[in-house]
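Labels A, B and C are assigned to the chains in the order they are written; within every chain, residues are numbered from 1.
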Amino acid sequence: MATATWTRRHVLSLEDFTSAEYDTILQTAASCREVLSRRTKKVPALQGQVVANMFFEPSTRTRSSFELAAKRLSADTLNFAPGTSSLTKGETILDTAKTYLAMGADMMVIRHREAGVPHAIATEMDRLQTNVGILNAGDGQHEHPSQALLDLFTITSLLDFEYPRLKLLADKKIAIVGDIVHSRVARSNIWSLTASGAEVHLAGPPTLVPQEFTEYVQGTGDQAESPIPNRRLFLHWDIEPALKDADFIMTLRLQKERMTAHLLPSLREYHQRYGITRDRLKLCHPGVKILHPGPVNRGVEISSELMDDPQFSLISQQVTSGVAVRMALLYLMGSGKS
Amino acid sequence: MATATWTRRHVLSLEDFTSAEYDTILQTAASCREVLSRRTKKVPALQGQVVANMFFEPSTRTRSSFELAAKRLSADTLNFAPGTSSLTKGETILDTAKTYLAMGADMMVIRHREAGVPHAIATEMDRLQTNVGILNAGDGQHEHPSQALLDLFTITSLLDFEYPRLKLLADKKIAIVGDIVHSRVARSNIWSLTASGAEVHLAGPPTLVPQEFTEYVQGTGDQAESPIPNRRLFLHWDIEPALKDADFIMTLRLQKERMTAHLLPSLREYHQRYGITRDRLKLCHPGVKILHPGPVNRGVEISSELMDDPQFSLISQQVTSGVAVRMALLYLMGSGKS
Amino acid sequence: MATATWTRRHVLSLEDFTSAEYDTILQTAASCREVLSRRTKKVPALQGQVVANMFFEPSTRTRSSFELAAKRLSADTLNFAPGTSSLTKGETILDTAKTYLAMGADMMVIRHREAGVPHAIATEMDRLQTNVGILNAGDGQHEHPSQALLDLFTITSLLDFEYPRLKLLADKKIAIVGDIVHSRVARSNIWSLTASGAEVHLAGPPTLVPQEFTEYVQGTGDQAESPIPNRRLFLHWDIEPALKDADFIMTLRLQKERMTAHLLPSLREYHQRYGITRDRLKLCHPGVKILHPGPVNRGVEISSELMDDPQFSLISQQVTSGVAVRMALLYLMGSGKS
């Protein structure tokens, strides 16, 4: 596995990722996928290294994916259980991180419900002149880089299985549909997809669209041009123009809690306006594929039968890609260590 | 370890197990027990394979036993924690299972408080043409095959340590005492023990005996003949006829919650009528042995001093057998995989 | 790694530890620290052995340290989760321990909020003629031997990195400050530090000082001589005489719950009377170092900026020492096993 172009110690955000970095991750993930197809799906790449999974916000799915990725690379894993931790005893998060550092953690995978926590820990680790790598596994409504990277790996692999790379998306149209404003997944995907040169179209209810975009919408009716210079990003309040000729649809998970906060009408009405259905697919490019970060609310973001239709749904490939991409990230971040 | 006769992908129920299958498991478990007696109690049989322990109903004891069995075979394990899972986010159980499938789980060990869940997952895995193996670790009041198999391994090993096999029980009498109706352990044991040709006698309070048996009881006073054709199964409301000349007594755990549902008199009265005591052992065959799936309510199902008496109690051997039998199951189910 | 002088099966208390035993642990921990500095921080010393972490009282920090120590020695680990355990089903603690014994645990690391539980389990394991080793990871207000041993390793390593040994402390003065009476850490440290010949000075609020010491205090004003024969142990109600010319200060974690029990004034008042500040350090020996078992209440036991000052604080070294010392304990206890 080649690591020539990798110099990044932490993976916190995709905002400043270069094309070369995306391509290194995609190629390394392809190598990891090859490992996962072998008889013995394990390599000793990170033997003796310790990956601490620090999920201050619980998540079985993402935590299991990182844990499995670490084990496939022969790393030892430590799982931090927030409920039973010193945090309830009043310890600060930085002190918790420093404790895991002192225990010998080589990498920390961090999820927290507040934006910026992984970044703050990374800054502290650098200030202490350690070479611990921090991986953001989702911070508040900010970013979720490994999810966006696995989405990228899933769709570029579809276009060229052996040699997935960013530029394959240059002439594609991708729709991101749903609760944009609260979605760290959307935010990370916007960075990676627009970096590829693809046209990215966001569609969602006005209450669930980022404030920073609304001025653009107000200027142009229901469509806005990109607030990010030189990137092709468009915004819609209706789903139809976003889906028109789209090559990929990324649906976002709807947090049902939003409804109680009156940001949303009923689930039924949401599905009627923004749900992906077989009918709406007719607007898209014939070979359109659907992604969802999971877990899906069947019949809300997407109709139940469409979710299970392998002709359109990439949902299960996304989960599989997740292990390969997380192996790639841990491998790239960890290989300079020992 | 020989696997010649094994073709079963899932282990969900013992209802349709053949003699050859029982004997394959018993012999493989004997080999695993031999591994556990070595200096290094580990074999690389399942290296690189992933066993997902999906205990939707929490259980430290059974989960630890499966986890240890998997680790002794060098498999990687993933533990699913229901409290922190996507299920609380509204994901269906089948979607959860498909997520673990997509992550690369080779086998799933499933416990759920509702009968049929492991079977439903296995059906879905087959429909998707995967070769994932599903192991029922207890579903509602339905079955708990690995518990019945470890009971079988414990008692047949006592009769022939080197070559435990089903037919050793052909002329034995076995009493199963307690809360039959709510016991998945009893249900699985009834299948395996009657398959051996042994005489199986059930004894318990009328409220805790399966409905399907009561017509037999009503026909014959206090004893009923087997509702399963060609199997020697008898039912009693008093414990004495069940214990008479018994070679083995299987006591069942009493769920104290049953009492609040008025299905039971006091614990003291239960112990008086159905508790295993030194006095009651006099009714049995002199070499009688006692089993209990644990955890024991001391002084309820069995007197505390009897539980600790190695002359009679097989309780700790059962736990030890559990690891060997679960190794055997994972080995047999997993060996065709890679 | 040399184990010549080690014959102890369990580590429950430091009360009867010999100098030779302390030195064996310190030397073995130094070897383990060397392993942790290698490229691959792992040795196969305990391959195939099972370490059961039975934390009846939750603790992420100590449990992670033991888990990592076990994994560095290639042991398999089992984590017992009290919330989901059979204990809630009424099983006794001894029965739980016997279950893990029967499953094949070679060592059990036990934390419980009641004093004496690890000792009771060890007694039962011996009575059953097993060779399972029990390691007390904190029992009530009684002892926490591995914490005191890591403190000892931290400070003796500072005096002679290559060859840490007990007698290096013979002419040192060590202050232990805070909630002495409720601290298992203090209790274990008193045994090890006084055994070294060091002068140990305790200082804390009268309500937080052990009853057994108060008669000594009453006899001599505000200072008492050692209630342990031949050991140099002194007691103060003010912090100043304890700190005077001290070489090491061990601060204890303040349990905020104590305040609600009216055993303590406000946190502010506590800090004013017993908090370690830059000003108070002037009383000490110029090279004084500060220890704290963690997690620290910043600004209570110790001022926040002092805690982060590497010139004085050994807190992060303590955490690192913890893994090496726990490796040493598991190695010494386990090496005679297989």
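The definition used in the following text is that contacts are C-beta pairs under 8 Å (C-beta built on N, C-alpha and C of every residue); 3 or more make two chains touch, one makes a residue touch a chain.
Keep in mind the model is a prediction, meaning the values are calculated, not measured.
Participant: Quick one: how far do you have to rotate subunit A to sit on subunit C, C-alpha fit, nearest 5 degrees?
Facilitator: The best-fit rotation has an angle of 120 degrees.
Participant: If more than half of the interface residue numbers appear on both sides, call it same; otherwise different. Which is it for subunit A and subunit B?
Facilitator: Different-residue interface.
Participant: Mind checking the centre-to-centre distance between subunit A and subunit C? Centres are C-alpha means, answer in whole Å.
Facilitator: 42
Participant: Centre to centre, by mean C-alpha position, how many angstrom separate subunit A and subunit B?
Facilitator: Between these chains, centre-to-centre, one finds 42 Å.
Participant: Applying the document's contact rule, which stretches of subunit C touch subunit A when the two form their complex?
Facilitator: 36, 38-42, 58-61, 64-65, 67-68, 71-72, 256, 294-298, 316-320, 322-323
Participant: Quick check: in the complex, which residue numbers of subunit A touch subunit C?
Facilitator: For subunit A paired with subunit C, touching residues are 47-50, 76, 78, 80-81, 83-86, 89-92, 95-96, 98-104, 338.
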